[in-house]
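What follows is chain A paired twice: with chain B in the first complex and chain C in the second.
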Partner chain A sequence: MSADLSQLFGHFMIAIILLFIIGAYCILASFNMVRILIGLEILIKAATLLIILAGYICGRTALAQTIVITLIVIEIVVMVVASGVTLWAFRNNESIDPRKLSELKG
Partner chain B sequence: MSIDIILLFCLVLAAIWTVMTVRLIHSIIGLALTSVLLSALMYRLASPLAAVFELSVCAGLISVIFLVTVSFTQRVSKEEMPARRKERFVRFWGLLFIVAVAGLLLILFFKAPQFQLPPPAGEQNVRDVLWNLRHLDMLGQVIVLLAGALGVAVFFKEHKK
Partner chain C sequence: MPSLFVLTPFLLLVVVNLPFKFLRKQIALWPAVGGMLVAQVVFSTFYPLNIGRGIADPFEQFFMFGLSLDSLSSIMLLIIGIVAFVSVLVASSMISEERQVFHFLNLILISVIGMNTTVLISDIFSLYVFVEITALAVFVLIAMEKGKFAIEGTFKYLILSAVASVFMLTAIAFFLMAVGSTSFAAIKDAFASNSSDAFLLKLGTGLFLCGLLIKCGVVPFHGWVPDAYSAAPASVSVLLAGVVTKVSGVYVLLRLFGTVFILNAALQNTLLLVGIISICFAAFASLTQTDFKRMLAYSSISQVGYIVLALGAATPLAFVGAVFHFFNHAIFKSLLFVNAASLEKRLGTTDMDKIGGMGSKMKVTSATSLIGLLSTAGIPPLSGFWSKLIIIIALFSAGRPVYAVIALLASALTLAYFLSLERKVFFGKVVASPAAETKASFGITFSEVLLAAITVAAGLGFAFILNTWLLPLKEIVH
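And then the complex of A and B:
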């Protein structure tokens, strides 16, 4: 790896790891289903940036872009279904606090 | 200072603001801003098609989905706001500490004072890769989209009385 690419890798990796930490903390510390989804979104954004960075460093930007497009399609479906779950939970429990979803216990 | 470093710094700041702000509407705006900054970085990393997808789908469509979800759920009254703000700060001050410490450690670990983005290593055609090399992905995407539509339809199905 050339010096330029290693420096590029270093700067982007710092931001990617910090994004992972922020997203994971948001998921662990939130008691609101929408905020948990927002944390998941931030984690996915970190993964997206990592894939694009890997494609750029390896010189395979087209392959990285196709994988990211697939990831975005999966992301949108996950978010739509999870928002549906949130609305369903609010309709049935009058709350979007996951601790109050006691009906899901077996 | 390189524009990429500024963009990366703003990306992390926008993500922190998204997580720490009290109002959900502000969080959603912060998430859209994070997506816009990520799109700019993707464009800088020679991935314009993925950047356009990120900008239109993640900054646009997902923000609208979250806004609709929030508008259907309960609002926090103005009387509750100070208590919520205090509770949120107590729960999230650790994040600022962790991000600051992790950022310093990572800067020391990677030790990269300045950089210029080199030109992309090889030009490839996205269309060729998408339709020839990864054509099964398209089938998978169609199936995932249909599964998502079916999932939403099941959740909003009215029970017969």
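And then the complex of A and C:
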């Protein structure tokens, strides 16, 4: 790794780690199903950035591009299903607090 | 040849969705999907017998990501075919509304496409894509009835599965950084060559393991398993417990940690520890359950623990045992979930406090459930005995006698909780008579008998299965 590349790597890594921390905090600390989904979205974005960085470092940007585009499609479909479930939960419970989803235990 | 396993369900999916009214008639839909799955079972059975292996694949150029059919994937295709067929059979007697039938069959076709491709693929990112496609179809299947429990189960599964995906994606990024490619062959070479990027490879392996353990539902990450299994409609819980979590979690674990990655001592110890904790914790937890399906879910966690434990031993014999236990577990756990479906259809509940003395009224269900649970507990000569025996012998010969002894003792615990279940549900006093005297449907009875017959046959014909299906597996383990 040249000096230029390692400096870029360092800056990128700081941004990615920050995004991971924000996303994880968002999932763990909030009691709102929509916010949990936003937190997941931030986590996936951090992973996407990491894949772009990986493609740049190993010199295979075309491969990284195809992976990222596929990933964006998958992520959107997951979010559509997740928000559908959230909508049903709201219609059933009149609330999007995940603490109210506690009927199943044991 | 391998591409047919992907293209046939895909073509069927397209045909079913063509805008012609007569195609949506139930009378055409059930046989089409069922027939496709039977064909899959037949073809994947033929593979190890060396029939049709030389036929050139006319569709090969469509798939740039390399489908390959080896002895491990042929066993997986067989399991997917059997369990999905049983799930369709059970659904055909549980779901009657035309629109629901249409949705169910579409989703099950998508999940079969996802699972078939998952077991055939040889590229780590494409593997992730198809695991996710399977999971998406199943989220909707679980939530299909839109009840309170269904939504809670789906939401828990969805969030944990998405977190697992983030772990797996991060791992894939590290592999890409270290290897420069995402194909299994390139990653295997990078592990073997011991290059300077060993740290990135180790980091990637650890992260991927975290993601997979969530998907498998073994003990530190098991929270979603009982909720999702018990909240799902009966036919979906057969599919979910039988193949979906097994293919998207355990198969990927077997494929990557058995044949691609090279396990170091720390990783082996982690797998052994996770396996043994799952076996013991889940066995104790299922002793206290009062719901039939939740008890089966905890038992499922415990049985997956045996597979993870065998993988931790990291010998070819242990790998063979793990794959055989995978097969047996898929069959007898589906059998027990079909029994639960039968009880649910007859009585409208699976709460064991409200059920009793059903043995004389539901003869087929009680007899087949006895076969299923004796096989789970590892009583000879049923199939579960042989796979547990291989795993325990492999643990002894790998120099891990303590784990072998604990695994053996936990097997007795399995017998304990299943006997208490059997005593409550099928023997004992009649607590409540069936609300409606419905006749047992043909679909459920047939699938119970079919799965019980496979369990008994796999136990009695163990020598043949070992030589034909299991020993070729040793070639793909390094």
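Methods note: the second predicted complex is superposed on the first by the 102 of 106 C-alpha atoms of A that agree within 3 Å, B and C clash if a C-alpha of one lies under 4 Å from a C-alpha of the other, contacts with A are read in each partner's own complex, and residues count from 1 in each chain.
Quick note on the criterion: contacts are C-beta pairs under 8 Å (C-beta built on N, C-alpha and C of every residue); 3 or more make two chains touch, one makes a residue touch a chain.
Please read these numbers as outputs of a predicted model, since none were measured by experiment.
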First, second, both or neither for A:M13, with chain B first and chain C second: first
Partner chain(s) touched by A:T61 [first = chain B, second = chain C, both, neither]: first
First, second, both or neither for A:I74, with chain B first and chain C second: both
First, second, both or neither for A:V85, with chain B first and chain C second: both
Per-residue contact with chain A, leading partner among chain C and chain B: B
Partner chain(s) touched by A:A29 [first = chain B, second = chain C, both, neither]: first
Contacts on chain A seen with chain B and repeated with chain C across the two complexes: 48, 53, 55, 57-60, 63-64, 67, 70, 74, 77-78, 81, 84-86, 88
Footprint of chain A on chain C - complex, ascending: 125, 129, 132-133, 136, 139-140, 143, 146, 148-149, 151-156, 158-159, 162-163, 165-166, 169-170, 172-174, 176-182, 226-227, 230-231, 288-291, 294
Parts of chain A lying in touch with chain C, wherever the complex brings them together: 27, 33, 36, 40, 43-44, 46-48, 50-51, 53-55, 57-60, 63-64, 67, 70-71, 74, 77-78, 81-82, 84-86, 88-89, 92-93, 98, 101-104, 106
Complex contact set, residues of chain B against chain A: 4-5, 8-9, 11-12, 15-16, 18-19, 24, 27-28, 31, 34-35, 38, 41-42, 45-47, 49-50, 53-54, 57-58, 61-62, 65-66, 68-70, 72-74, 91-92, 94-95, 98-99, 102-103, 106-107, 110-112, 114-118, 120-122, 124-126, 128-130, 133-134, 137, 140-141, 144-145, 147-148, 151-152, 155-156
Contacting residues of chain A [partner chain B, same complex]: 2, 4-15, 17-19, 21-23, 25-26, 29, 32, 34-35, 37-39, 41-42, 45, 48-49, 52-53, 55-70, 72-81, 83-88, 90, 94-96
